[in-house]
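Structures incoming, each one as C-alpha cells.
One chain, chain A, appears in both complexes that follow, with chain B as partner in the first and chain C in the second.
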Partner chain A sequence: MDKRTQDYGKYAGAIVIWLLLLSMPLWINQVGGYTQLGTRVVVMALAAMALNFLLGYTGVLSFGHAAYFGLGVYGAGLTIKFLLPSTFAGMAVGVLTALVAAAVIGILIVHLRGIYFAMVTIAFGQVFYFIAFRWNNVTGGDDGLSNWGRLPIDFGLAKLDIQHSPVMFYYFVLFFFAVSVAIMAALLRSPFGRTLLAIRENERRTRFLGVPVDRHIYLSWLISCTFVGLAGTLYGLLNNFADPHDLHWSQSGDFVIMAVLGGMRSFWGPLIGAAIFVVLQDYVSTMTQNWMSFIGLFFVLVVLFFPRGVLGILRRKAAS
Partner chain B sequence: MSLLQVDNVTKRFGSLVAVNAVSMMVEPGELRAVIGPNGAGKTTFFNLISGFTTPTSGRIIFDGKDVTKLLPARRVWRGMARTFQITEVFPELNVFENLQIAVEIAAGFRLRIRLKADEIGKVRARTGELLEMSGLAGKSDRLVGELSHGDQRATEIMMALALNPRLLLLDEPTAGMGDQETYDITQLIRTLHRDQKLTMVLIEHDMRVVFHLADRIMVLAEGSLLAEGTPEQIAANEAVQAAYLGKAAA
Partner chain C sequence: MTQLILYNVFNGLIIGAFYALMALGLSLILNLSGVINFAHGGFLAIGAYLAFFLIPFIGFWGALVVAPVLTAVFGLIIERLLIRPLYGRDPLYSLLLTFGLAFMFEDGTRFIWGPQTLPFSIPQWLSSPLSGQYFFLTGYRLFMVALVSLAVIVLFVVLGRTRLGMRIRAGTLDLETVSVLGVNVRILRSLNFGLGIYMAGLAGVLAAGMLGLQPTIGSELIMPSFVAIIIGGLGSLPGTLVGGLLIGVASGVTTVFFPSASEAVIYVMMGLVLLVRPRGLFGEEGRF
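And now, the complex of A and B:
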C-alpha cells in the first residue's frame, strides 16, 4: 500500500468515526444501547486519548491519570455544589485543579523513567484518592459527592437544556471532545509534536539532537493531564455525582487498558478501546459481577496476539 | 585556536580508572581518529567530550568555552553533535521524518505549534539536501528500523549533520558492517571532511578506515594516552605496535 492510499485510508477512517459519533443518538437505541452509554463512551474516549498523548506519542506510561480525572470530577462537583451553581464554572475549576496538580507533581517526577515514573504516578494518585475517601465533610467520603449536577446553560438568546435532555448533553460532551481531539491532533502534527514522537522513538538520540527532553515530557504531561481533567469534569456532569473510585489507581489502569486495547500507536485507537471497554462493561455487568474478568481475558488476548491493539488488526487487514 | 581542547581528563568508576589524565587538541578542519584495544576507554573518553558523563577531574574546552559541566543538549547548541556505537535512530519513523525532526530541531522549531509556509519550505529543502547527500533519497519513505545497518548508520550521521555541527563525533561508524557498507560510510565521512571542512573525531576499529581517513591519530591503552601523531608516525611507533597492532597481528 503506498503512502497516498494510506492517507486516504486515514481520512476515510476519521470520516466514518465522526459520522458515527454525530449520528449516535439516532441509532444507539436500535442496537440495544442508550444515549447516556454513548456519552460515557465519548467521555472515556477523551480520557483514554488524552492518556495516549503521553503514552502512545511521547512513550511515557502514567498509571496515575485517574488522579487528574478525579480532580476534574470533584473540582466540578464541589464548585457547583458549594461555590457557584454554573456548569461552566464547575468545568473551569475542575480543569484548572487538574492542571495545577499536574504542574506541581510533574516537576517532581518528570526526570523519572519507565517503571519508576509509573509507580510514582500511582503513589501521587492514591494521595488524592485517600483525601477524597477520608475527608467526609467536604467530599462526602466513600459515599461520594451527591446532590449536585449539571445545569442548563443560558446563552441569553437560547437556552441549552443539558440538564434534562440526554441528547443535548451528548452533543455538549461531543463538542468538547471534538475541540480537545482537534487540539491534540494539531499538536501531534506540529514540530513540537514531532519532538515528542522523537522522545518516544529514542530518548538518547533526541537528547543528543539538543532537545531538553525532560521539559518536553513535562509539557506533554501537562497537556495530557489537562484533557484528562476535562474528561473528568464531563464525567461528573454525566453522573451528577463524584465517586472516590474516579480517583483510584484502578481507574488509571482502566484508561491504560482502553488505550492499549484499541491501539496506542494510532490516534483513534483509544476511542475504539474505550467503546469496547464501556460497552462490554455495560452488557456483561448485567449478567455477572465478574465483568472485569471478561475484559481482562479480552485484554490478555489482544496484547498477546495483536500488540498493536484492535485498530492495529484492522489496519493490517486493510494493508494485506 | 583549537576547536576542542581536552585538558587532563580523568574518569573513575569506583576503583576503575576508565580514562586516566588524557589530553587532546583538535584543530578546526581536522579529522582525528581515536584508536586502542578493547577496554582502552575510547567510548568513555567520547562520552566525556559529548557530555554523556562528566569527568572526575580535568576540563573540556570547546571553542574557547569551558563545557566540562554542561548537559549534552547545551553542548549540542554550541555546535557539538555525535553518533553512537549502537546506532541511535527513530526506528518506527521513516527516513524523511528522521531527518525532518533533526532539521526542525536544528532550526529552533522544537516548541513551535505552527510553521509559516517559507519555514516549511526551508525544512523540506534542507531535509532533501541531506537525503541526497546520504544517498538515501530513494528510501525516504522506508521505516528506518527496516533498513540495513549501513543505511541506518548513514541516517544517524545525517541527523547529526542536520544540526550544522562544528564538531562531529563518530563512535565506531563502521562497526558491524560489511565491506561495501564500510566503504560507503568511509566515502561519506571523507566527503564531509574534504568538501565541508567539517571537524571530526572518530573512534574506529577498522585500521583501513583509520589510516585512510585520519589526519592525526591518538592511541589509548588502558585508559591512558599511549601515542599521538600522523598515521605514518603511529604506524612506525613501537609502543603502539606492541600494545595494539602487534597484538592484532599475532
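And now, the complex of A and C:
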C-alpha cells in the first residue's frame, strides 16, 4: 500500500469516527444504549487518548493515571459544592489540581524508566485515594462526594441547559473532547511530538543528538495528566458524584487496557478501546455479580490474543 | 502512653513483616524476570483460603506446611501457561495480565467462600497474651515474627549458599550470560517464580490468622509491598526487607499521633526517598 492511499484511509477513518460521534444521540437508543453511556464512552476515550500520548507516543509506562483523573473529579466536585457553584469554575479548578499534582510528582519520577517508572506511578496514585478515602468531613470518604452537580451555563445571549438535557451535555463533552484531541494531534505533528516518537524508538540515540530527554518526558507527562484531569472533571459532571474508586489503581488499569485494546500505536485506537470496554462493562455489570472476574478474564484475553489492539490488527491486515 | 507507642511499634513491626515477606517474593520475580506481579496479593489470598479449607482436615500446623506449597504449585501452573509467553516482551503486557489475574483471584475467592470475614482458627495456646502488662504480646504474634524471620533467613541462605541461589543472583545481573553458560533459564525462572509465590502463600496463612480472612486481604497488602520495594531499592533484597519493616513501623507510629494518615504516610516516605536518593536506600546506581 503506497503512502497516498494510506493517507486517504486515515482521513476516511477520521471522518467516519467524527460522523459517528456527532450523530451519537440519534442512533444510540436504537442500538440499545442510552445517551449517558455515549457520554461515558467519550469521556473515557479522552482519558485513554491522553494516557496514550504518554504510553503509546512517548513510550513511558504510566500505570497511575487514575490519580489525575480522580483529582479532576474531586477538584470539580469540591469547588462546585463548597466554593463557587459554577460548572466552568469547577472544571478549571479540577484541571489545575491535576496539573499541579502532576507537576510535583513528575519532578520525583521523571528520571526513572521502564518498570521502575510504572511501579512508582502505581504507588503514588494511591496517596490521593487514601486522602479521599480518609478525609471524611471534606471528601465524604468511602461514600463519595454527593449533593453537587453540573449547572446550566449562561452565556448572556443563550443559556446552555446541560443540567437537564443529557443530549446537550453530550455535545458539551464532545466539544471539549474535540478541542483536546485537536491539541494533542497538533502537538504530535509538531517537532516536539516527533521528538517524543524518537525518544520512544531509541532514547539513547535521541539523547546523543542533544535532545533534553527528561524535559521532553516531563512535558509529555504534564500534557497527558492535564487532559486526563479534564476527562476527570467531565466524568464528575456526568455522574454528579465523586467516587473514591475514580482514584483507585484499578481505574488506572482500566485506562491502560482501553489504550492497549484499541491499539497503542494509533491515534484513534484508545477511542475504540474505550468504546468496547465501557459498553462491555456496562453490560456485564448488569448481568452478573461477578463482573470483576469477567473484566479480569478480559484483561488476560486481550494480552494473550490482541496485544496489538483492534486497530493494530486492522492495519496489519491492510498492509499484508 | 509508652505502652500505646510500644503497642503500635510492635504492631507496625508485624505488619511490616508481612509487607516484607510479600515484597521479597515480588522482588525475586521482578529482579529475575522483569515482571511486576500484580496478582501477588491474589496468590496471598489463595494461600490463606487454602489454609482455611485444609484446617478441618489436617489442622493448623498441617495447613501451615501444605497451603503455601499448593499455592506455589498453582503459581507454577499460571507461570507456565500465561506468564512464560510474555517474557522478553514489553513489561506492559505482563503487568496487564497479572492485573487481570488479580481481579479474577479476588473475585474467585469471593465467589467460592463469600464476601464476609471468615473465622480463622489458630491453636488456643498461641492466641492468649503472654503478659498482663503488655497485652499485645500474644503467642501468635511472637510466633509469627519468629516464623517470618526464619523464612527470611532461609531465603537468604538459599540465595547466598546454594547453586540455585547463585544462579538466581547471577540471572538478575545478566540472564543472557547465565543462559550461555548452560543453565536452563526457563526452569530457573519457573523455580524463582514458585519461590516467590510460596512466600506469598506463607504470608497469606499467617495474615489470615491475624487480620482475619476476607477476599480483599491480598489487594490491601500489595500496594505497601510496592512501596517497600521502591524505598528499599529495586534489585536489592535486603533493601526490600528493610523497606517493609520501615514502612510497617512508620505507619504504626503514625497511628498513634494521626490515625487517618496511617496509610498515606508511607507514600510520603516514598516521595522523600525518591527525592533524596532516586535508586532507593539500598539500590545500585544505574540499574533502573
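Throughout what follows, the second predicted complex is superposed on the first by the 309 of 320 C-alpha atoms of A that agree within 3 Å, B and C clash if a C-alpha of one lies under 4 Å from a C-alpha of the other, contacts with A are read in each partner's own complex, and residues count from 1 in each chain.
What we mean here is this: contacts are C-beta pairs under 8 Å (C-beta built on N, C-alpha and C of every residue); 3 or more make two chains touch, one makes a residue touch a chain.
This structure is a prediction, so every number in the text was calculated from the model and none was measured.
> Do chain B and chain C fit side by side on chain A in the superposed arrangement, or is it a clash?
Aligned on chain A, chain C fits beside chain B.
> Give one of first, second, both or neither to describe whether A:164 is in contact with chain B, with chain C, with both, or with none.
In the superposition, A:164 contacts neither chain B nor chain C.
> Could you look at A:290 and tell me whether it touches chain B, chain C, both or neither (first, second, both, neither)?
After superposition on chain A, A:290 lies in contact with chain C alone.
> Tell me which partner A:257 touches in the superposition: chain B (first), chain C (second), both or neither.
The answer is second: A:257 touches chain C but not chain B.
> Measure off the angle at the C-alpha centre of chain A toward the C-alpha centres of chain B and chain C in the combined model, and quote it in steps of 10°.
Vertex chain A, arms to chain B and chain C: 80 degrees.
> Name the chain, either chain B or chain C, that contacts more residues of chain A.
C
> Go through the superposed model and pick first if A:134 touches only chain B, second if only chain C, both, or neither.
Second partner only.
> First (chain B), second (chain C), both or neither: which does A:120 touch?
In the superposition, A:120 touches chain C alone.
> Taking the superposition as given, does A:204 touch the first partner, chain B, the second, chain C, both, or neither?
In the superposition, A:204 touches chain B alone.
> How far apart, in Å, are the nearest Cα atoms of chain B and chain C after the overlay?
Minimum over all C-alpha pairs: 11 Å.
> Which stretch or stretches of chain A touch chain C in the complex?
Within the complex, chain A contacts chain C at residues 55, 61, 63, 105, 108-109, 111-116, 118-120, 122-124, 126-127, 130-131, 133-135, 249-250, 253, 256-257, 260, 290, 292-293, 295-300, 302-304, 307.
> What does chain B use to touch chain A in their complex?
50, 71-73, 76-77, 81-82, 84, 88-93, 97, 100-102, 104-106, 109-115, 141, 156, 159-160, 162-163
> Once bound in the complex, which stretches of chain C touch chain A?
Where chain C meets chain A, its residues are 30, 34, 36, 82, 85-86, 89-93, 95-97, 99-104, 106-108, 110-111, 223, 226-227, 229-230, 234, 260-261, 263-264, 267-268, 270-271, 274-275, 278, 288.
> Over in the complex, which chain A residues touch chain B? Could you list them?
Residues 3, 186-187, 190-192, 194-195, 197-198, 201-202, 204-205, 207-213, 216, 265 of chain A touch chain B in their complex.
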